[in-house]
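Chain lettering (A, B and C) follows the sequence in which the chains are written, and residue indices restart at 1 in each chain.
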Amino acid sequence: MIPVRLLTGALLLTLGTSAVAETTLRIGIQDDPDVLDPHRSRTYAGRLVYAALCDKLVDVTPKLTYDPDLATSWSWSDDNQTLTMKLRDGVTFHDGEPFNAEAVKYNLERARTLPDSLRKSELASVDNVEVVGPLTVAIHVKQPDATLISQLSDRAGMMLSPKAAEGDFASHPVCSGPYKFDQRVQQDRIVLSRFDNHWSKAAYHFDKVVYLPIPDTSVRLANLRSGDLDIIERVAPTDVKTAKADSNLQVFNTPGLGYMQLIVNVANGEKANNPMGQDKRVRKAFELAIDREAINQVVFEGLYAPSNQPFPKDSSYFDESLPMPARDVEKSKALLAEAGVKMPVNVQLTVANNPIAQQVGQIIQAMTSEAGFNVNLVATEYATLLSEQQAGNFQIGMSAWSGRPDPDGDVHQFVTCKGAQNDGHACFPELDELLNKARTVNDEAQRKELYSKALRIIADQDANIYLYFDPRIIAMNKKVSGFVPNPDGIIRLKDVQFAQ
Amino acid sequence: MLTFILRRLLSAIPTLILVSLFVFTLQKLLPGDPVLAMAGEERDPAVVNYLREKYHLNDPMPIQYLSWAKGALTGDLGMSLRTEQPVSQLILSKLPVTIELAVLALLVALLIGIPTGIVSAIRKGTALDYGANVVALSGISIPNFWLGIVLIMIFAVKLQWLPASGFVPFSESPSRNLQTLLLPAFVLGTGLAGTLMRHTRGAMLEVLRSDYVRTARAKGLFPMAVVLKHAFRNALMPIVTMTTLLFGELLGGAVLTEQVFSIPGFGKMIVDAVFNRDYSVVQGVVLCVAIGFVLLNLLADVLYRLINPRLRNAA
Amino acid sequence: MTAFAPAAPAAVQPRLRSRFLQKFMGNKGALIGAAILILFILIALLAPWIAPADPLKANFLSVRKAPSAEFWFGTDELGRDILSRLIWGARSSLLAGGVSVAIAMAIGVPLGLIAGYFGGKLDALISHVMEALLSCPFLVLAIALGAFLGPSLTNAMIAIGLSAMPIFARLTRGQVLSIRHEDYLEGARAIGLPDRWIVLRYVLPNVLPPLVVQATLTIASAILAEASLSFLGLGQQPPAPSWGSMLNTAKNFLEQAPWMSIVPGIAIYVTVLCFNLVGDGLRDALDPKS
């Protein structure tokens, strides 16, 4: 390592650029990413790092449309069975390997076949990848897949150097992004440095980018205020006032894609055998007893977006005609009376054992008690929460979803009969039909209609009760300029620089 | 002495085996599935199964334990489920941080504990003695993490003199390294200072009561000279022994302080590992802490024997 | 002969007791500590009657209000009265200290008695297991046990109790070994009294004093441990208050609502300090040397 450093140092000297001080951007992130391999990684924190480390075939814009990245253009065949992509010329990976159609084929194959790939379900529709020319690939799908482009705008579309991907990739990831991997100290830092052969290197301005995982939100902010960090993500809503009051800081508050929902166990084992699981009137009564806006005000300083559907307001699939029900305790009581259940209705609500989730849980507990529910709050550690919910050992579970740009990723796996995340085992065949169809339709208006119908079934059944969308709050030093926020909360470094 | 050390080391082996067995069983009893958490938001069942196979989590428990133990004997502590790094490498990267923090905390403890201990022994029964005692007990009684929070509130948030948290390696910047460790070392040190002060006081009182100090006094030597030259020197060894034991406690005891200050040491690693069900990391770290504990205990015993001739002959 | 054995401990006890009381009463720190603890215990017992408000009643209109005439210690993140939560929280914190030490003693003391009294292979086995438990860091053990049992106050108490148990086993064993060859035990054995009888009647009372001291000091560390586990989310679960869980939520509002973390922290500190003072007092009073 040292000789390499010396060598670069010498090169810099001879080039005469040593007079310019090295610029380092320090970004505070909430948690330590897991394996740095886009095909195998699962954490949101990982995606934050990939934004600088790896290029993708396409990128998603703040308006949730798709922009060229490594693919310069793409088109669907008339029968919607083939997606043809033209690739950017002159792109190399950090290790000098060329990027071309072969590399795309290799990467998509790897993402689909690696035994522990977490991208398999995202690319499930892909039948095979064909190298049409050196810079042209054709992706053949098993059935029309309207979500494919959106999948390629995230980790499934990230391109790794095929040579490096054959080796121990995670310990030294090699992609083609504007910054290349330097060093990682677990739970402490990930250091990237400028990639001088990047196809768009003029748009990237830092010599080094350092990601520092700091789990505590207030500590993250304190480090930003003291100047030890330049950018922090996931600022706590309660800290926004403080951050805004600091004349050295700027705050970006962007409506996000991620939402919180209550999942009711309606058919997963013993715990579903109760009025809450069996009678949708009881579930409706529960929903009507909740004041979403009050949760927003008390816990989130009014910065979150209360919602009763899984699509964000900015999405073109958001259904205006499905209003959020206002809190109505009288109606809630009436529904319970109509259902003829024994009062009070005992309900177990499982939440993660972090203060925010517990705070929301306690508010729900207080609100629903007025309608006649007796909520027993069960705080469970995250690792246990997942397995308990999957095993059906819950009545109502409160769980967060990070959100996807395409509507399918926000709803299909949660509410379809065999959905991987349908822990409550709710099953409504007509809902499956609508959502499966929406996957194959490329026309936006047609798709929207299908989703609208689906949302009505979900709202009527109340097996999934949506609560709110959390915004992506990013704060940075005022000297940082050029940042463009995106609903996905990912910090893209294009054109970001220190003000002169 | 050598046979004593050897005998102690031999008797430590079953202890260590028991520790590892115990931690292993406990972990396997823990609810929650590390693989489910690892399989990402989508939790693809095929991936879940593959990962279980890959990490041999489907094997019978005794086999899992034996293969771990076999590896451990050769220094291979397995792979972290979460980050896929060798556990031994993880431990080696965290050990210096924890040791540095422990050394600094001990330094704080010694600087506070010994002078107050001496003073309160000399001034036994006076207001000064009571005062020192309450301060020492306070150090033991204040919840570490709370003191940490309050200090962050004062020195980082309000005064902005010190960084709120995080860690800068010594190799990167010695001054910033010390800055980041100052508060956590202080927090940990105050807790130990209380224990140390009480031990110093006890040891000093014992020595001050002894004949030769009385003789020295009778010879008309200055009280201060008596205290430092004769009494403290004789009280020193039990203090050293105590310090060794405290160091052992620090290795595993900085859990919450590291958590509050986001110091990437042993404590933080193990809490994260327990919560993530990163079995091999928990297993490896506990084994290491236990070994350190056993060795430091042995060191304390050896030191104690060295200064206590009666015991030396008895062995 | 039968009269001799019980007479020995019985004879010394009255004298011991009066001397002990005299010495304990002379220790101002211990007295103050005991007085404050009694006050705290009373507060905890009388919580339903003296708490000014319902500790669970959320009031969304007065969230995180600073201390005032209406709310002496301010309100928390859900607008609940912190004073009331503090008073009710005394219950969980004191209970956690007491119950976990009771658990530790209930298991540790018998094990120590068995190991010390019978010796041999049983002793070796018990001692090794205790040694192994002792070389796992206390908090790590408690965290793992807490995670295993699931987050709740009861489970936290069990976890802390189990982690503190080896200290009692080791201490008891040491004490038993030191009196094992005392005349009255040899005598009792010689006349063929059953072991169980000897252990309960003669051994236990004689090893009790240091155990009482240790118990008092362990309550102090158990309260700290409960606070630590609650701080990590493994202790008392919401909405019920404990001082540690109050701190766990409060740490997110250091700047916006510092009173939320200051008040419960001081409560923990004072309680633990008092237990330590009383423990010290007991130790000095029971120490035959001083």
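Operating definition for what follows: a residue touches a chain if its C-beta (ideal position, glycine included) is under 8 Å from a C-beta of that chain, and two chains touch if they have at least 3 such contacts.
Nothing here was measured: the structure is a model prediction, and the numbers come from that model.
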*In contact with chain A and with chain C at once: which chains are those? Just list them.*
B
*asked:* Which chain is most central here if centres come from C-alpha coordinates alone?
replied: B
*Using C-alpha centroids, which chain lies at the maximum separation from chain A?*
C
*Once you find the CA centre of chain A and the CA centre of chain C, what distance in Å lies between them?*
46
*Centre to centre, by mean C-alpha position, how many angstrom separate chain B and chain C?*
22
*How many angstrom between the C-alpha centroids of chain B and chain A?*
39
*asked:* Quick check: what residues of chain B touch more than one other chain, meaning two or more?
replied: 31-32, 152, 157, 260, 275
*Residues of chain A that touch two or more other chains: which are they?*
216, 218, 381, 384
_Multi-partner residues of chain C (at least 2 other chains)_ = 147, 150, 251, 254-255
_Residue numbers of chain A touching chain B in their complex, please._
32, 34-35, 41-42, 115-118, 120-122, 170-171, 185-188, 212, 214-216, 218-219, 222-223, 225-226, 228, 381-388, 390, 401-402, 413, 420-421
*chain C partner contacts - residues on chain A that touch it in the complex*: 216-218, 236, 238-239, 241-242, 294, 297-299, 353-356, 358-359, 361-363, 365-366, 377-381, 384
_Show me the residue ranges of chain C that touch chain A in the complex, using the header's touch definition._
57-58, 60, 63, 77-79, 147, 150-151, 233-234, 237-239, 248-249, 251-256
*Using the touch definition up top, name the residues of chain C that touch chain B in the complex.*
28-29, 128-129, 131-133, 135-140, 143-145, 147-148, 150, 220, 224, 227-228, 231-232, 247, 251, 254-255, 258, 261-262, 265, 268-269, 272-273, 276-277, 280
*Spell out the residues on chain B that touch chain C in their complex, using ranges where they run on.*
14-16, 18-19, 22-23, 26-27, 29-32, 130, 133-134, 137-138, 140-143, 145-146, 149-150, 152-153, 157, 249, 251-253, 255-256, 259-260, 270-271, 274-275, 282, 286, 289-290, 293-294
